[in-house]
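Read through the structures below before going on.
Below, subunit A partners subunit B and then partners subunit C, in two separate complexes.
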Partner chain A sequence: MVLSQTKMDLDFRLLFPEEFIKQILDEGYREDGRSHNQTRSTTLTVGSFKSADGSAVVRIGGTCVACGVKGELANPRAISPKDGFIVLNVEYSLVTGSEKLGAIGGGEKFFSSQSLTQIIQDIIHSSKFINLEHLCIEEGKICWSLNVDVVVLSCDGPVIDACVLAAVSALKNATLPSVEIESEKPLVSMATRNHLKTGQYPLMTSFAIHKKEVSDTNIGVLVDPTDDEAQYCTGIVCIAVTNDQKLTGLYKYGGPAMTSDDIQKCIRKAKKQATILVKLIDNTMK
Partner chain B sequence: MNIIRHVVTMEVKSRGIECELGIITRADGSAQVKQGNTIVTCGVYGPVEAKSAREKVDKAVVEVIVKSETGLPGPYEKELELLMSSCCETMILTHLHPHTAISVSIQIQSDNGSVIVCMVHALCCSLLDACLPLKTTFSAIKCAFLSDGSMLTDPTTQQEETATSQLTYIIDRKGKLVASHATGSFDTEEYIKGLSVASSTAVHRTDFYRETISRKMSRIKQ
Partner chain C sequence: MAGAGSGRRNRYLAPEATRNPLLCLKEKKEDNSILRSNQLRQDGRSCTDIRPVSIQSGIVSHVTSSAYIELGDTKVLCSILGPRHTQKDFNLEGQVLCQVKFAPFSCHFQKPSQQEEKFMSSIISEAIVGAIRTETFPKLETLVNIVVLENDGSMLTAAILCASIALATSGIEMKDLPTACTVSYSDKASNIYYDPTIAEEYSTANENKDVIGYKSVVYLPLLREISGVYQVGVAESHSVSSQLLEACIEGGLRYHERVRQYLKDLA
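The block that comes next holds the complex of A and B.
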């Protein structure tokens, strides 16, 4: 049900945005007519950038994230001669605007691009999505270094979910040319390209938590919050689930304190959302 | 010199915590916390006048800086800053100090596992030392699950390396979850088990903070 907004509602929204959003959340509504545990539709496109080895564009509501993967030949580190590299970099594009980037608490960006990079790298590593040993071409001499560039094009809500989905889909979409070593020199044959060997992949779901003013249950949990909702809810929870339903990351940043029942509800929802996203990836990659 | 020195040690399935308040003389509140060989120092400055670009009309702005033992700050430090500043913003009653800024610096002096836990304790002690109004005290505990399913609390660096998952919980006085940082591969039961262990330690941590502050106060009276 979409709320019909009268002139008075719109004036109230304009003058007291925080009070407006808090009140309608307390009453169990959301501005765009969704229920509290309803996500927005997600679209995924893969392979749209021809110059990249793999790419993906993700849209969740008004959030848009693009990701490209490019392979480079590199020398492995002396400390781990059998491993290749995944170099992940998340950036906010200038077109996202400066004030409301994944906003929480006063219109500043909540996740800086550096912390996004660290979190996504952590969950990709801990879900064992790509075994770095598979990126090795010859031990101690040559290996693949995968540059994964994620660019946030527009922000309206859970940027981190879109970034994870984009990075995972781009890596699954990526093909690398086969390389053979002839007399100590790498010979790249562009004709035969192979997909990367991938394992379980992570999928992220974000929640915003708000404290209900008048209620028997103390806190309210919103799945897939928009920018405005996230800004006026004090806490955020991000749960990463692999495609085989194991947890691989659980981050909570501030906000009202949660009991283990509240957390379990979020985990169940995140697992349900992960199965939807797995289907989306499977259908797109067909 | 107005330094208050004392050491409080406790054992709850973890290495003992040693806390020393007021070790940075020019800060409004400071603390050094040692847990085994993990040492973290934290200083709190404020509330001071905020730069007009950053100031907020209805609350104080909290800035957190995390510095590692060596090297320049990277993505890892930024992520820790995010976690710590979210704790600060939830716990400090920022609406009591509008138009001001509170700045927090956390220096990791040595890391031998469970560094986030140590940072949270140093942060809470120095906020108490700075006499900032807090919603409640908060503490942290880290659990690590090994591949055979057994659980370790307060792991050292070597134990962290062998663990399949590392779960850090930041909890309030009543044992409810304020913030969480969990990585690795784990299932819901493991996470909830860790949380219940964390909740059970909350009361001991509150005693620890009470003892720390009462020693500071008794020193001031003399």
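The block that comes next holds the complex of A and C.
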């Protein structure tokens, strides 16, 4: 149900944005007319950057994230001669205007680019998405190092969900040229390119949590919060689920204490959302 | 400025001594020529054709205005912040600060260094500031942030056009809509290629002997002023350089028409 916004509502929204958002959340509404349990539409494009070996652009509502994968030839570490490398970095691009965390423009309240990087790297490794041994070209001599760069272009809501989806899709989209070794030197032939061998992949869903003012015990949970909603909610829960419905990561930052029932509810919703995203990826990659 | 986007110190670094696969190619590319036998370029354009232009505005949330442009495969995104208060010294003229960054995956070979990015920023900044009525926002600053998502040649053209669309939709008063064009040229300007792709652009690493330089011109069509010129390579004589200048202006007017059409449809 969309709220009918009168002149007074708009003035109230402008002068007391925090009060406004808290009040309508307490009444069970959201500013854009969604229910608490409803996500925004997600779009995914792959292979749009020809300068990268694999790429993806994700939009969730007003959030926009681009990711590119570039392969380089590297020498494996002596301690793990069979393994290649995945070097993942997330950065807020200049255009978002968030010079400082949450300052002007759309700023993510909860995650700096470094913590985004760390979380996404963790869940990609822990879900066994890419076996690093598949990146080996010759044991102990040469292997692939994949530079996965996620660039946040516009922040309006769960940046982390978009980043995970973009990184996963770009890696699934990536093709690497075949390499032969001739007298210790690698020879790359661009004509034959192969997709990476990928396993199960993680998908992330975020929930904002806030304490309802009317009753102290109740907390409200919003799936896929917009930037404004996240700004005035006190905590966030991020749940990573693999494509075959296994939980691979759960992060809760700030906010009121949650009962295990509340968390179970979120996990169920995250699993439901994951099946939608898996379908989206499958349809796009077809 | 230590902010988002420049946080290179905070990045995970690739392992040492990596090599770009393009340096270890098995088969060398044989056909380096720009023109095919039928006098068309490799992508089927004639020398004076520009690539298709696609424009979209307002895709970045929580900023004053934003624009996205594609020239063929070159993709540039620009956002405007402000006018807003500044910590800098008092100035009756508004300040326009322009920053350009390349996305890490934007280039086929290697991403430009921070110095090159700074240099590009200063070129673009000087070129567009002449079109903005800075006296209308005294004591304030406006940020023009540009991100190059993919560089497939004519990046300067795309950045200028993108900035001018973003400025035009931001409500900041302007005297003119800056437009730009890049051309690359062969010896004695016998061939002038409008809107070159990265393979047709001149670079020192390029084995392509056909192209000996390129020139970008920023033009203000209503004021009939040239607000910026950037040339790499040799132009032997005065006639060659004026020929290039005319070609750039002519190309710039074509882009201008396209941008005007977009803004008209928007309004």
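Throughout what follows, the second predicted complex is superposed on the first by the 272 of 286 C-alpha atoms of A that agree within 3 Å, B and C clash if a C-alpha of one lies under 4 Å from a C-alpha of the other, contacts with A are read in each partner's own complex, and residues count from 1 in each chain.
In the analysis below, contacts are C-beta pairs under 8 Å (C-beta built on N, C-alpha and C of every residue); 3 or more make two chains touch, one makes a residue touch a chain.
Just so it is clear, the structure is predicted and the values come from calculations on it, not from any experiment.
Asker: Putting subunit B and subunit C onto subunit A via the overlay, clash or fit?
Answerer: Overlaying the two structures gives subunit B and subunit C room side by side.
Asker: With both complexes superposed on chain A, which partner does A:S115 reach: first (subunit B), second (subunit C), both or neither?
Answerer: In the superposition, A:S115 contacts subunit B only.
Asker: Using the superposition described at the top, determine whether subunit B or subunit C touches more residues of subunit A.
Answerer: C
Asker: One more residue to check, A:S145. First (subunit B), second (subunit C), both or neither?
Answerer: second
Asker: Once the structures are superposed on A, label A:D227 by its partner contacts, choosing first (subunit B), second (subunit C), both or neither.
Answerer: second
Asker: For A:L187, using the defined touch cut-off, is the partner it touches subunit B, subunit C, both, or neither? Pick first, second, both or neither.
Answerer: The answer is second: A:L187 touches subunit C but not subunit B.
Asker: Which partner does A:L153 contact after superposing on A: first (subunit B), second (subunit C), both, neither?
Answerer: second
Asker: Given the overlay on chain A, how many degrees, to the nearest 10, lie between subunit B and subunit C at the CA centre of subunit A?
Answerer: In the superposed model, the angle at subunit A is 120 degrees.
Asker: Looking at A:E72 after the superposition, I want to know if it touches subunit B, subunit C, both of them or none. Which is it: first, second, both, neither?
Answerer: Touch partner of A:E72: subunit C, not subunit B.
Asker: Touching A:K128, do we find subunit B (first), subunit C (second), both, or neither?
Answerer: The first partner, subunit B, only.
Asker: Classify the contacts of A:Q273 with the two partner chains as first (subunit B alone), second (subunit C alone), both, or neither.
Answerer: neither
Asker: Quick one: minimum Cα-Cα distance, subunit B versus subunit C, in the superposed arrangement, integer Å.
Answerer: 7
Asker: Does any part of subunit A touch subunit B in one structure and subunit C in the other, and if so which residues?
Answerer: 105-106, 114, 117, 121
Asker: Could you list, by residue number, the parts of subunit A that touch subunit C in their complex?
Answerer: Touch residues, subunit A against subunit C: 48-52, 55, 62-64, 66, 68-75, 77, 85, 87-89, 91-100, 104-106, 113-114, 117, 121, 145, 147, 149, 151, 153-156, 177, 179-180, 185-191, 227.
Asker: In the complex, go through subunit C and note every residue touching subunit A.
Answerer: Going through subunit C, the ones touching subunit A are 1, 3-7, 10-22, 24-27, 59-63, 66, 73, 75, 77-79, 81, 84, 99, 101, 103-108, 143, 145-147, 149-152.
Asker: What does subunit A use to touch subunit B in their complex?
Answerer: 105-106, 110-112, 114-115, 117-119, 121-123, 126-128, 234-235, 237, 242, 246-255, 257-260, 263-264, 267
Asker: Once bound in the complex, which stretches of subunit B touch subunit A?
Answerer: By the definition above, subunit B touches subunit A via 56, 74-76, 78-79, 81-83, 86-87, 89-90, 165, 167, 171-172, 174, 176-188, 191-192, 195-196, 199.
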